[in-house]
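Here it is, the structure, as structure tokens.
Order of writing sets the chain letters: A, B, C, D and E. Residues in each chain are counted from 1.
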Amino acid sequence: MSARNLLLGLLALLVVAPALVGAYPLAVLILILHYAYLGIAWNVMMGFAGLLSLGHTLYVGLGAYVAAALYASFGLPALLGAIPAAIVATLAGLGIGALGFRFRVNGVYFALLTIAFAEFTRILFDHMGWTGGSSGFFLPVEHGQVSPVALRGPPILFYYVALAMAAGGFMLARSLMRTRLGYAWLAIREDPDSAAASGVDVFRARMAAVAVSSALTSLGGVFYAFYYNNMYPEQIFSMARSIEIILAPIIGGLGTLFGPVLGSFVLTLLGEGTTGLLEHLGLAAPGAKQVIYGVALLVIVTVQPAGLWPWLAKRLRIGRDG
Amino acid sequence: MAEPLLTASGLSKGFRGLKAVNGVSFSIGSGDILAMIGPNGAGKTTCFNLIAGAMLPDAGEVRLAGQPITGLRADQVCRAGIGRTFQLVKPFAGLSVLDNVTVGALNAVRHVAEAKERARAVLDLLDLGHKIGEPASALTLPDRKRLEVARALATGPKLLLLDEVMAGLRPTECDRLVEILAGLNRRDGLTILLIEHVMRAVMKLAQRILVLHHGEKIAEGVAEAVVRDPAVLDSYLGEEAP
Amino acid sequence: MSLISIEEVSVRYGDAQALDRVSLAVEEGEIAALIGANGAGKTSLIRAVSGIVPLAGGRVVFRGQDITGWPSHRIADLGIGQVAEGRQVFPTLTVEENLRMGAFLPRARAKLAPTLERIYGLFPRLAERRRQTAGTLSGGEQQMLAIGRCLMGQPDLIMFDEPSLGLAPTVVQEVFRTIRRLNEDGMTILLVEQNVAQSLRLAGHAAVLEQGRVTLTGTGAGLLADDRVRQAYLGL
Amino acid sequence: MTYRLRSSRRALLQGAASAGLAASLPFGAARAQGPALKIGVILPRSGYLAQAGQSCQRGVDIAPQVLSDLGHRVDVVSVDFESNVDLARTQAEKLIADGAQAIVGAFDSGGTSAIAQVCEQKAVPLVINVAAAPQITEQGFKYVFRNFPTSVMLVRNGLSLMKEMFKATNVTPKSGIFIHANDTFGQANRGAIDRLFPTLDMPFRLVDAIAYDPRAQDLSVEVTKCKASGADFVIVTTRAGDAIRLIREMVKQRYEPKGIVSPGSPGMYDQEFYDGLGGYSDYTITNLPWPNFNAPITKRLGEAFAKRFPQARFGVDAFNVGFTFEAMLVAADAAKRAGSRDPRAIAEALRSTDIADHVMTGGTISFDAKGQNNNIASAMVQNLKKTPTVVLPRDAAQAKPVFPMPGWRGRQA
Amino acid sequence: MTVYLDIVASGVLTGLVYGLMALGLSVIFGVVRVVNFAHGELTVAAMYMAWVLAGSLGVDPILTLPLIAAALFAVGYALQRHLVEPFIGRPEHEQFMLLLAVSIIMLNGLLLAFGPDARHVPVDYAYDSIELGPMLLDTVRVYAAAAAVALALGLYLFFRFTDLGTAIRACADNLLGAQVVGLDVRRLYALAFGLGCALVGASGTLMVLMRDATPILAVQLTLLAFIVVIIGGLGSMAGALVGGVLIGVSEALAGFVLMPSLKSLFSYGLLILVLLLRPEGLMGRRA
């Protein structure tokens, strides 16, 4: 099987899915696609350029708040609001990147820097009056309005938007991998010194990775804002959410294109499945699901640290393109 | 006489009090091959790092074709026309052999497709053409050494810095690499500066030899003369001075 | 019977072969030298013998006991000491703490105090600097410390890995004098060096290591006169 | 302590069992007529809101029996959203997909708002049990009904009850300080206080307002700040854990204001508060809607509660249990009047809700155009002998208000 | 003015307990070079142990401290030996994922076992204060801080004057050097991990006097420990205490002078500044 056929088959299946499944599975699918998209966006930084960010909710939150505020205040449709949202998030990312890279903050320290900025921003938003502070920001609900441009409408609309974002993100990541920049990223990930010796401007390539990743992530935030219609700093900027974003690509396979998608499917289905199973068994005690989640993660990290996709790809005989 | 391609003057670098390189000056004419020899810890690799922009010299200056390159970053030095290999090989382990060299080739050409073509050609030249699909991590040490040379070569350098690329190669492999490098030098006028312990390669390739000992230049000249220099023998073989 | 005999030892790092069926024996009381260029596999051999890197093949026998696959701390406790390449002192520990660590082994603990005095006698510079951290010592002093620390472990065999590396010529002379003195006091020594002439002059037996294989063996004096050695090192 | 651990776990198991029991009840066993209304209940039974969520769940567990006595047949499916808004949304989707005809929930404003989106899209009515953020009924939903005061209503009633108390006891503080958790509810209260305080002609000065991180485990600086302000009256908005820490710090720092009053926040009437503070919990005051214990329906609810949860105190859980029960009652009542199990029809019927006999004090339950019930009254509830006791208004009072409160000295934990 | 004295004193006392907790993280990182992301979960586990022991035996947590420290030592030793050891030398993100998995399992295991409610350990002196001149000091905090200082001092003496302590430092200093002299590095690593966890156990026991035990506290404590050790210097023992006091005092002052809810904004601000300007921390060594 080739990667292209697998991709087209999956895409076709997802396109017709709403006709086949009910409302609840559709909601789960939206969640899967949303996290797959965020995973793809995060993977650009970690998987491609080797930069571990544990504060990606910063960009989700900024994107969500900017687009939502512009819509609530000026009626700017989501599609247009996404542009300033991405700009703000990108600037934030570039700021953190510039500071981190110029001051040579590497590895775990860089990861902590990203957490620090995300937490810093969360507390700032908790105190920002015009976005509702910690009491949250709410979007008005219009009835009967169906507009893909304004991101208003029934779940099926959001489903296709999420699908388009995941597919678009996938294609973008795939084509970026085949550019000069993509090669520069991979080189830096593997060995920054060798990359520099081969003529790669490490600083600029890293900044480009942060820019692309933060811009893409912020669009996920825009989607979040309009899908849920409400956001709280505590929740949208939370550290737990950052962790949730990175689980799918790591479990699926860092630096691979399919990894985040596969990881998101596996994790979400595992999560929903165990919730259902435990409820069925009458064991739905708080925490039980997450313990299983943690054990799954532990098993994958110890047994298959490169992730599920490289393992699966080998079995399906799919080449590097995945 | 034409201006030398590379001029290093008064290069110095210390680490925590230890003078690794101390006032070293030399130059390489365009199209020349210069070998840098000396015992372990003599400061050869530090010299390379100073030239290639991996480290900043405490004092001294490096010029490439008359232009000062001191203080440039490693990638800027590479773009200025100096390709290098690392003594402890640093391939992009997770990438394929072809992709490793493509990264280097992208320094010379704009488009990825062209770069891949170029990388293939370079890999063929270094007898790695049959391994382009393998991940670099699966290569043997001699193959990794050649991969490093290929990657540096693919950047399209005017000057190639080779840091002990012959170590670990079998005599026949060593001769083959010498042949390839000599060919590049002859045909394309590639200038080469090499650090090397394998004397059979040094004597075949280098027109001139420069000897470092304790961070200082102790001899420089035509290969045959240098290896008979008593100071060199002393430093190198550890003979006591006569 | 040899004190230690290294039989057909191979070492691999991933796919790379660092040592290929190397055999070498050191007799009790002698200095054996192993010479070779950078990357020839000298350090790999020492680390393989001391259990720091695993063997891919072959075996190591010490005093008739097969110690292949033993963990490094048990091998050290058997009496195989080493002075590693680059000294490997503990930079934030004081000189005395460094020395005490050499005697952490069960075999050495009881004799800690007298040995410490003996080493301070051997290297008065260390006695002067016993409260100083090792990171502040000069290269030569660190080498003395490394040797002293090794002696604290009451070894029967000391493996020296490039003890002359990066040292000033006068210090190099001192190191070689120390090695000779230790040997004269009865210590068995395996010396791994690039400093060909000095090593061969000291050594009873010697071998040349090239690309992970032993290519020449003989007496020290024999090899010193051997044109092939000169060729390998100077292309003469 | 160990006992409480066991009891909460048992409550969970019983909750699960009761849901199953209700579902499997044979048709003829119920007194009510027609097919059962399928109500989906979403509560934060775990996570940081678990205390309150489990308290509400006790109301859910006894509701089917009590409603059945009233002639309503309901079939309850309960789910936990783990205090996680994302999960609230998917759980709502799941409940509706499984055939829930009305949704009840969700104690927390964030979760409630997320559920409201789903209900709106699916045209299934949501009856809110507890959630005060004003925005929820300002977003333009048509399927959302709130039988709970907004924070503005809570604070307005709370402040006027304070005035009433000053009058009744003839003691008026000179200056007050407001200290609140910086979360959704805390900020909503802050907004309401900022807006209402100047307009209500309060007899004391508000010298400062202090916000603290709701996750903060250490409130010593906060109390030092209160003490340093010189205020002799403290208004608080808390949750259970921080209320305990706040009082504990006041005792340690020997800060003794005339009164500690919450204008409608949880915390100071939770069982956890009494367990954690013992005697120090007494005399603190919460102004909030409270059950009318004289109403027959409240009595019946209390009996069912005592039977089902012999170890818990109805007097403590009454607020959460009362509002949760009422939300289910409102849904069942609408379904009965609609004569249909169609969610749209139920929503239509909800708009004309008019229930006079209910649990909480205040007028009849009815909803305005935005789906808000504006007829909910507040009572002043003071902790006396570790029991929440209504002290105002006078007609509902079980005891007289104690103000100023006695000092800390001589009390026991 | 006395109010500032009170604030600073309270900050110092709290900071010392923070410091002790962070010390555990620092010891593990300093020796094993693994960042223990399950730090907060271990601390909370210790808090629950103290709560259970106090409830069943009715003993003051300070008295059960050695028991809990020993239990966590065993946990840490086993954790290093069986889970972490194979990950030494693997990429940072893999180590991170491993410990993240451990933390998820532990956090939710605690939730399963103890439920989400906050558990308080009642002690006789819970409501007492000590008058010291014009200052009013919280008795609980004074005891906890004193215990923290005593433990830190004990740790210092252990590392400075015992051969085992020196050997652990030697491993941290130069791993190859340690192997060369024949130290049993794997055992020493496990000892160091166990020791770090024992400190976590001790600090958790003291923490339960000041904080109620609840699973969600874990994430906060992990982040807090990170802030403290990064500011003080990851791997530096004095740095952990200094960082703890610094954070304790600056949070108290920021809370008093500005707004309590902004407290952690200052901690994170401080963290960012230190990461940028002195990434090795105030007391750390330059790499």
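The rule we apply is simple: contacts are C-beta pairs under 8 Å (C-beta built on N, C-alpha and C of every residue); 3 or more make two chains touch, one makes a residue touch a chain.
In this text, all values refer to a predicted model and were calculated from it rather than measured experimentally.
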item	value
Neighbouring chains shared between chain B and chain E, ordered by label	A, C
Chain labels contacting chain B and also chain C	none
Centroid comparison with chain A (C-alpha atoms), farthest chain	C
Relative to chain B, chain with the most remote C-alpha centre	D
Inter-chain centre distance, chain B versus chain D - centres from mean C-alpha coordinates, in Å	76
Between chain D and chain E, centroid-to-centroid distance (C-alpha), Å	38
Whole-Å gap between the CA centroids of chain A and chain C	54
Centroid distance [mean C-alpha coordinates] between chain B and chain A, Å	43
Per-residue overlap in chain D, given as positions that touch at least 2 other chains	9, 46-47, 50, 182, 211, 213
Touching two or more other chains - residues of chain B	none
Of all residues in chain C, the ones touching two or more other chains	none
Set of all touching chain pairs, with the criterion as stated earlier	A-B, A-D, A-E, B-C, C-E, D-E
Parts of chain A lying in touch with chain E, wherever the complex brings them together	46, 52, 99-100, 103-105, 107-109, 111-113, 115-117, 119-120, 123-124, 126-127, 239-240, 243, 250, 254, 285-291, 293-295, 297-298, 301-302, 305
Touching residues on chain D, where the partner in the complex is chain A	9, 12-13, 16-17, 20, 45-47, 50, 79-80, 82, 85-86, 89-90, 93-94, 96-98, 109-110, 113-114, 117, 120-122, 133, 135-136, 138-142, 182-188, 191, 211, 213-214
Parts of chain A lying in touch with chain B, wherever the complex brings them together	178-180, 183-184, 186-187, 189-191, 193-202, 255, 320
Complex contacts: residues of chain B adjacent to chain C	17-18, 39-41, 137-141, 144, 164, 167-170, 197-200, 202-203, 214, 227, 233, 236-240
Of chain A, residues touching chain D in the complex	22-24, 26-28, 31, 123, 126-127, 132-136, 138-143, 154-155, 228-230, 232, 234-235, 272, 279, 282, 284-287
